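Think of it as A, B, C, D and E in the order they're written, each chain with its own count starting at 1.
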Amino acid sequence: MIPTHWFLILGAILFTIGVCGVLTRRNGITMFMSIELMVNAVNLTFIAYARQFDQVHGIMFVFFILAIAAAEAAVGLAIFISLFHHRQTIDVDEANLMHW
Amino acid sequence: MEFVIFFFFATVAVVFALVVVLHRNPVVGALSLVATFFSLAVMYVLLEVPFMAALQIIVYAGAIMVLFLFVIMLLNLQHVVEPHTRPIQQFLGYTTTAAFGIGLVYFIAKYGVFTALPASPFRADIRTIGFRLFEAYVFPFEMVSILLLAAIVGALVLSGRAVGSRAEIGTELSKQPGSEEIR
Amino acid sequence: MPLLSTLIWLPIVAAIVLAFFPKTAHAAIRGWALFASLAVFVLSLGLLRGWEDGQAGFQFVESLTWIPQWGITYSLGIDGISLWLVMLTTFLTPIIFLAGWNTLKKHPKEYLISFLIMEAAMIGAFLATDLLLFYIFFELMLLPMYLVIGVWGGKNRIYAAVKFFLFTIAGSLLMLLAIIYFAFQAYHQTGIATFSIVELYGVQLLPTAQLLVFFAFTLAFAIKVPLFPLHTWLPDAHVEAPTGGSMILAGVMLKMGTYGFLRFVLPFFPEASARWAGLMITLAVIGIIYGALVAWVQPDMKKLVAYSSVSHLGFCVLGIFALNQTSIEGSILQMVNHGISTGALFLLVGVVYERRHTRLLADYGGIGRTMPVFTTLFVISVLSSVGLPGINGFVGEFLILAGTFKTSPIAAVLAATGVILAAIYLLWLVQKVFFGPITNEENRNIPDIAWNELAAMVPLVVFMVWIGVHPNTFLKKMEPSVRHLIATMNTQRGEVMVAEKSDETKRDEAEPAADHSRPLNSEPNRPLSAASIIDPGTGRSPGGSLPLVVPAGSRPPASSLHEGVAR
Amino acid sequence: MLNLLWLIPIIPFAGFLLNGLFGKRSGKGFVTAVATLASLAPAILGSIATFQYNARYPNGERHLNVVYEWFSSGGIGADIAFQLDPLSIVMLLVVTWVGFLIHVYSIGYMHSDEGYWRYFAYLNLFLAAMLILVLGSSYLFMFVGWEGVGLCSYLLIGFYYRTDYAPAAGKKAFIVNRIGDFGFLIAMFLMFAYIGSVDYAKVSQVASAGGLSTGIVTAICLLLFLGAAGKSAQIPLYVWLPDAMAGPTPVSALIHAATMVTAGVYMVVRSNVLYRLSPDAMMVVAIVGALTALFAATIGLRQFDIKKVLAYSTVSQLGFMFIAVGVGAFSAGVFHLVTHAFFKACLFLGAGSVIHAMSGEQDIRKMGGLKTKIPHTYRTFAIATYAIAGLPFAAGFFSKDELLAAAWVTPYFPGVGKFVWLLGTLAAFCTAFYMYRLVYLTFHGEFRGTDEQAHHLHESPASMTGPLWVLAIASIFGGLLSLPHGLWHGPSLATFLSSVVPEVSGVHRVIPITLKTELLIALVSTLIAVAGWLIARNLYRDKALQSDAAFEKRSPGIARALENKWYVDEFYAASVVRPLEGTANFFWKFVDAVIDGTAAMLGFIVRGFGDVMRFFQTGNVRNYALMLFLGVIVFIVFLV
Amino acid sequence: MTLQPLLEPGWVNAILPEIILSLGGMLLILLDVFFPRAKGTLAPLTLVIFIAAAWAENLFVRGGIFFGGTYEVSALTMLFDLTFLLAGMLATLFAREYLEREGIEDGGFYGLLLWGTVGMMMMAKGLDLLIIVLGLEILSVCIFVLVGFHRRMPVSNEASLKYFLMGAFSTGFILYGIALFYGATASTNIRTMGQWFATNQATPLLTVAFVLLMAGLGFKLALAPFHPWAPDVYQGAPTPVAGWLSVAPKAATLIVLVRLFDAMNPILPQVSWMSMVAALAILSMIIGNAVAIVQRDLKRMLAYSGIAHVGYMTIAILTIRADSVAAVAVYAITYALMNIGAFGVISLLMKNQNDPHTLDDIAGLGFRRKFYGFALAICMFSLAGLPPTAGFISKFFIFKTAIESGHTMIALVGILTSIVSVYYYLRVVYYLYMKEPADGYAVETVGGVFATGALMISIVGILIIGMYPSPLFQAAGNAARVFLQQ
């Protein structure tokens, strides 16, 4: 039987990697993928805890997180599309009309 | 046995996650993300939640990532090579995340450890989940519908073609503070 | 009819009505505003009719619960300290409207609305007997003034307006914090949440807390007065403000500061006030001399008068912190005097500015030839500002100085030099502007003062003479309240005095006639309760609580310990 | 009448109001009528009051007429109350009658001036204020009149306001007086603080009861004397009086010779009880008086403006009066005050008549030989000169000798008394000299003016010569008011005043003057005066201006110094005015700037901070993410 | 086998407003799809729905806990619901003419507005972090779309991009924080967590969780240093949306924080979590006001001022007491009135087919468009916290509670910074009344009955609350007391 905190550590690592991606990538879609990575890390953490506590609640939480992720994906990608319409790129660093 | 599986797929997950973050081509990124998701599904199996594993595959790998790939193809970005980011951002990103990760792992290893192993078997099968879903969680479940509806409407609204030709207006930006100011 | 509320709300109602006038009907607009302000003045005369002489506490008390959660009430009251300031306000406003009758061209409606609201706010501030209510009026009057300076002012008006507003708001916001803190501490001690001034009079803060709150209040009021190091906003504001603005600013708004000292700082923080009276007196004296000297070298008439205000208000603060009957009565009277004579001066400067569009002394000279009536009025105002006996300025200054001399002779002597300097700079002004040969051709034919300006000036002159010839009319009404104020301070300081005796005696040696150690007023120490400030007429305490009976001996005996140490 | 005392000042005040408000429109006749009546009425009423007073108070108690309480607060205040006692009566009569005469004179003198109505309005106002001053029953109420006359002198000196110098002179007068009033104010504060009242009776009662420490008394006396010095033009505050000659000549006669300037003396006499408690203060008074007398006289030696000469002689004569009150011969001081009022008024009016004749010329170098042209003026002027020079049996002779004698034998500070006497006598010599110099240069020799001046020369109208004669006669017989006690034991000014001030010599004498010493002193000063006269005579009668020129050749330095009044004005300007101006400018230009600077600095710092912070707002979303993440890390580091 | 949905009696009444709003949103969209002509009816209909919801709120909603202890309805939540509804109504009123002018009126807009309100209501009422997160996401999704609603404008799209990326990012943090809390407390139900906090020790891991959670919520609140998205998003978003966005979500997030801190109360003595909140508050007040000074773009300026205002509100919740909660509630309502009003006036400005929003654009407006100028001035005075406006009284309330909780120094910082704020708010008044527009550059305003009505609402509201606040205080106070005692 695998100790729960191994899963937690894995989750932490994935979360960190996701953050790193958000911070270092210019490609909007890649950034969003990194965010999905973070969310999955959260899922893993939740399920690990749920398993530890023998609770279904954590599972349900993940269930809803899936829905949230899906919704965000839909809207987010729509935003990227219209961004692309506007400036033929999804490099978020290009999007700096507004500053200061 | 399961230790082997765990470590193997943990490595896979981390490696492909790194690929997602590091590789310059979004397509590769997307595909390796799928790989990560798969290995996570395996983790769920190890955690005795096969239903979530299935959901992981179906929803994430199946739906969301396909959506990603679809968009990438639609905007045909597969050949676009992403330019380098500014070095400071790069540097700070890596260092801070490294620090954060190490700290996090350290804290979990130090304070997040559960001595007692979980009681098995874990009864989180589809039936249970289904019942809970429609008994205790009925309200949030219904509300998810609103969430998804909003998302759909939003997607429609946002990706709809811009009518009229006022694309140039937005570029008129607010003036920066001029010389003339009251002291 | 609740008289005090009417005084406050009538101008506001008038202003609202005015807002619906067609913007082109100038005559109607002016007429309405003048009518409204006159109505307010007439109503305020009712105060004198219903006045109970010898009554120390608040009269015409009104009280409505307003924010019961915090014990904040809409409670108004008037006593001898605020009476004449209210009268001054209601008296000056119509005069201002009259004076500006013809000269006001740009957006007259908004201008008059601002003034009516300002009048209401100032009356309210003088009448409020609840800290928060006072604060609200205290800040409410800033907005119209900001607009008046900023919209109708001179070239550099924005700078002046913003400076005025920021200086004042900085002080008053800190005071707000202090108010909250004070009320909170009071709540801790008494267990009743209240902002009512009368009930807070009974509260005695711990020395440290008292010190902090004292300084916060003092800062706010000192900026308003303005006291010496914080005065720099005043000249700019005055120079840029339109005539009416300068009049109301100098005439009434500055008095908010001195009034605040009397109404709040002294009775709330008697200990700290007595302890730091030295500092305040020093600043006041510096202000007197500083203002006078700087006024002397001003090339601009309005600036000159503005700096003279710094000097004169210095006298008021001096009188207040000399902490005795005479000086405080004197400084209240001096507030009124300054309102009248400086108001008159600003009015007249405005008159000549309207005709020549310059305020530089250098551009004038010899216009006494061309506008004799104007010159006469100006000289009279100058004399009342110089403090010529027989006109108003003298009595106030004399009482202040004589009173101060009892407690701190050095300060009195130094301040008295201000009287000399006043003669220097004001006569310099008169000589430069009115006498000598006409050097500038444009001064050959300036039309003399117009009917409305004359009509505005005459009442002012009348009051200059009245106050000068029979000041008792005014002094007698404020006397009981002032006595009661001092009695309050002493009763509250009573307990701490024993501890202080030692260093107090040292101070006594320094100043023969001064002794803060003994009560400034030989009233038997009695604990101050809300009951001692009851208005027997209504039988209700201003706080609006249950009917209470006036305890015997709540009326202080008339003899003052300082009447002749040598007796 | 005694209870209508307040009428006496009110009437001229009413005259002032009438003339001030309506005088301009309604013609000269109206103005003249109002003004003359307004000055005659108080004179008559005053005289009536005097008779009634003598009838009712044979022993000279004070009669008090309280009108109402002016103000009072915390034990500080005063009544509007008039009082009548011998001293007030003397002043009252002098002021009203001389005032009346000068009103009459002015009718002629000012008839062609466009400011006629203004002039008379001011003159009436002055009369009112002066009457309040002399009739007031407390220092505070006296102060009203005190400042009132100051105001009037300001207005009247600046009467020709279209010139440059007149308003300046008026301002100077007012401000210098203010400096004196400063002392007066502080003195009153002291009285309030230590006596609790400023009522004359109360003060003298407390003082004579010994309720005051000597230090306080001395302080009060010196401060009062500062006030007196300001009003009566003593060192160091005399500088305004010579400039005050910018006003119309009758004004100089009334205000700056006969009445107002003597107010200081009046006040000191008023407070004689206090003074007598502090010999130091008296000594200061006496010495200052003596120095002023001599100093002014020396300046008078070499002035060429007829009015300036008279002005300095006034200063010097006031010095004499202060010698008198200083050495304790208060009645003598009053006596000299009265006689001086007569002859100095006469002199000024004469000078006015001369100037009138010379159509505005004031420089005696342009005059000469006028005695045939304007005989009345000449005679009266000569008589007055005789009187002021202290030549035998004229008014000045008795008064001056009495006070010099008193100085010689004063018990308060004997040694110094002699010295004071010496100075006084020297001053007397100078007086005789410059007065006769003036007479000779003006009236003798041959005319030195231009031709059309000569053509216009004419005697003044009766309205002017009349008062001249009255005053001339008064200045001859004025001496009889108070003959030395040795010669005359009947009632005299001294005995009349004895209820207010101790007699100099008499039944209960304070100053032991024997007849012998008095005659001796008289002899000395007579010789001195005669000497002065004779020297002046042979210097100026025939070789009019040469002698001045010769003197200038002989010792140019002194000459220039004298012409420039010992450079006192310049000294004041350099030592007081300019430094003050410098400080003022420093305050304005520097201190204010610093204060504003600090405020602005705060604002600037905030802005600067904002400007720095805004550049973290790069518009690059990943930087925002980085900021968020950095925030997280920092907080973790700090909280864990 | 039968399902027994866990539905307490009266649940319909409890969530009636949510139901009304959700269905109303769908109705609007369908209406717009099937009758594209009838765009004019959309806004009025939206208003009707809002009012119906408010009506339902008042009539039918009874306090209680529903859905297995995951959903609490109380007087306080009603108060906040009303705040959201008010904000929504004002936004709708301003949006009407704005959208018509820009030619982008669409049922989707109103629908999303309604659904966003639903999301906020869930945040306000959720007792379980699951509900709260769900509501937060519904809200976020709606905001993503509304911000980007002006499709033709690159700025609008960019704003929505920024908000989306940051939002998703911060959601990640929130979720991870929740996960860690779950790991500690074995529950996501706030009450249960509260019991755990009452009995157990805090671990550093928990602190990390708290920081992550605060970071996420702080992002929603635009607390410094999590604020930088706010100015860009407000500037780019359609102005009425910006107004709504600057108020409603913050209020919702604040009440979530109130719940959390109340639950954490027992454990706070062990840990220094509140010092982080205090630091956030102070930073927000300082940075917000300081940077607002140097802004010339009104929307950006208001964004920064909003950061500062959230800072003020945060002062109050440093210590959870009945008074402080009431203060937050009052401040939220006031802020809704004045800030949406201010944004609304800006949304009326129009210059050759473009909507300008810099200071120079409103030069001299006060005398050209008296009512709009007056309204903006009132809003500015209220934002500056000058009596007799509501801004003053509510700020007074905040500082009062702060001092009574012993946070005098922080209150002092608040006072000093609001001195700074007075400067830039008055600068707006200065441009309104004391400055003439540059020659030929006169901005015209497009506004009709809707906008006017909205402005009337906010002005009257501001003045009434400012002059006679005690009913509101009474309500808020009681609500807070009820809310906290159980």
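Everything below uses one rule, namely that a residue touches a chain if its C-beta (ideal position, glycine included) is under 8 Å from a C-beta of that chain, and two chains touch if they have at least 3 such contacts.
In this text, all values refer to a predicted model and were calculated from it rather than measured experimentally.
Taking the definition of touch as given, a chain qualifies here only if it contacts subunit A and subunit D alike; those chains are B, E. Which two chains touch most often is answered by the contact tally, and the pair is A-B. At the centre of the protein atoms shown, by the Cα-centroid criterion, sits C.
Chain geometry summary: the mean Cα position of subunit A and that of subunit E are 26 Å apart. Chain geometry summary: the mean Cα position of subunit D and that of subunit E are 80 Å apart. Centre-to-centre separation of subunit C and subunit E, using mean CA positions: 44 Å. Note: centroid distance subunit B to subunit D, computed from Cα atoms, is 101 Å.
Subunit B has residues 85, 89, 92-93, 96-97, 100, 103-104, 107-108, 112, 137, 140, 144, 147, 150-151, 154, 156, 158, 162, 167, 170-171, 173, 176, 182-183 in contact with two or more other chains. Annotation for subunit E: residues touching 2 or more other chains are 130, 134, 137, 141, 144-145, 148, 151, 154-155, 160-162, 165, 169, 183, 204, 208, 231-232, 235-236, 294-295, 423, 430. Counting only residues that touch two or more partner chains, subunit D has 603, 614, 617, 619, 621-623, 625-626, 629-630, 632, 636, 640. The touching residues of subunit E, when paired with subunit C in their complex, are 367, 381, 386-388, 392, 396, 399-400, 403-404, 408, 411-412, 415, 418-419, 422-423, 426, 429-430, 433-434, 468-470, 473-474, 477. Those residues of subunit B that touch subunit A in the shared complex are 2-3, 6, 10, 13-14, 17-18, 20-21, 26, 29-30, 33, 36-37, 40, 43-44, 46-49, 51-52, 55-56, 59-60, 63-64, 67-68, 71-72, 74-75, 77, 80, 82-83, 85, 89-90, 92-94, 96-98, 100-101, 104-105, 108-109, 112-114, 117-120, 122, 124, 128-129, 132-133, 137, 140, 144, 147-148, 150-152, 154-156, 158-159, 161-162, 167, 170-171, 173, 176.
On the subunit D side of its complex with subunit B, the touching residues are 600, 603, 622-623, 626, 629-630, 632-633, 636, 640.
Contacts from subunit A toward subunit D in the complex involve residues 19, 22-24, 26, 31, 92-93, 95-100.
Subunit C contributes residues 163, 166-167, 229-232, 290, 293-294, 296-298, 324-326, 329-330, 366, 368-369, 383, 388-390, 394-395, 398-399, 401-403, 405-406, 409, 412-413, 416-417, 419-420, 423-424, 427-428, 431, 434-438, 469-472, 475, 479, 512-513, 560, 562-567 to its touches with subunit D in the complex.
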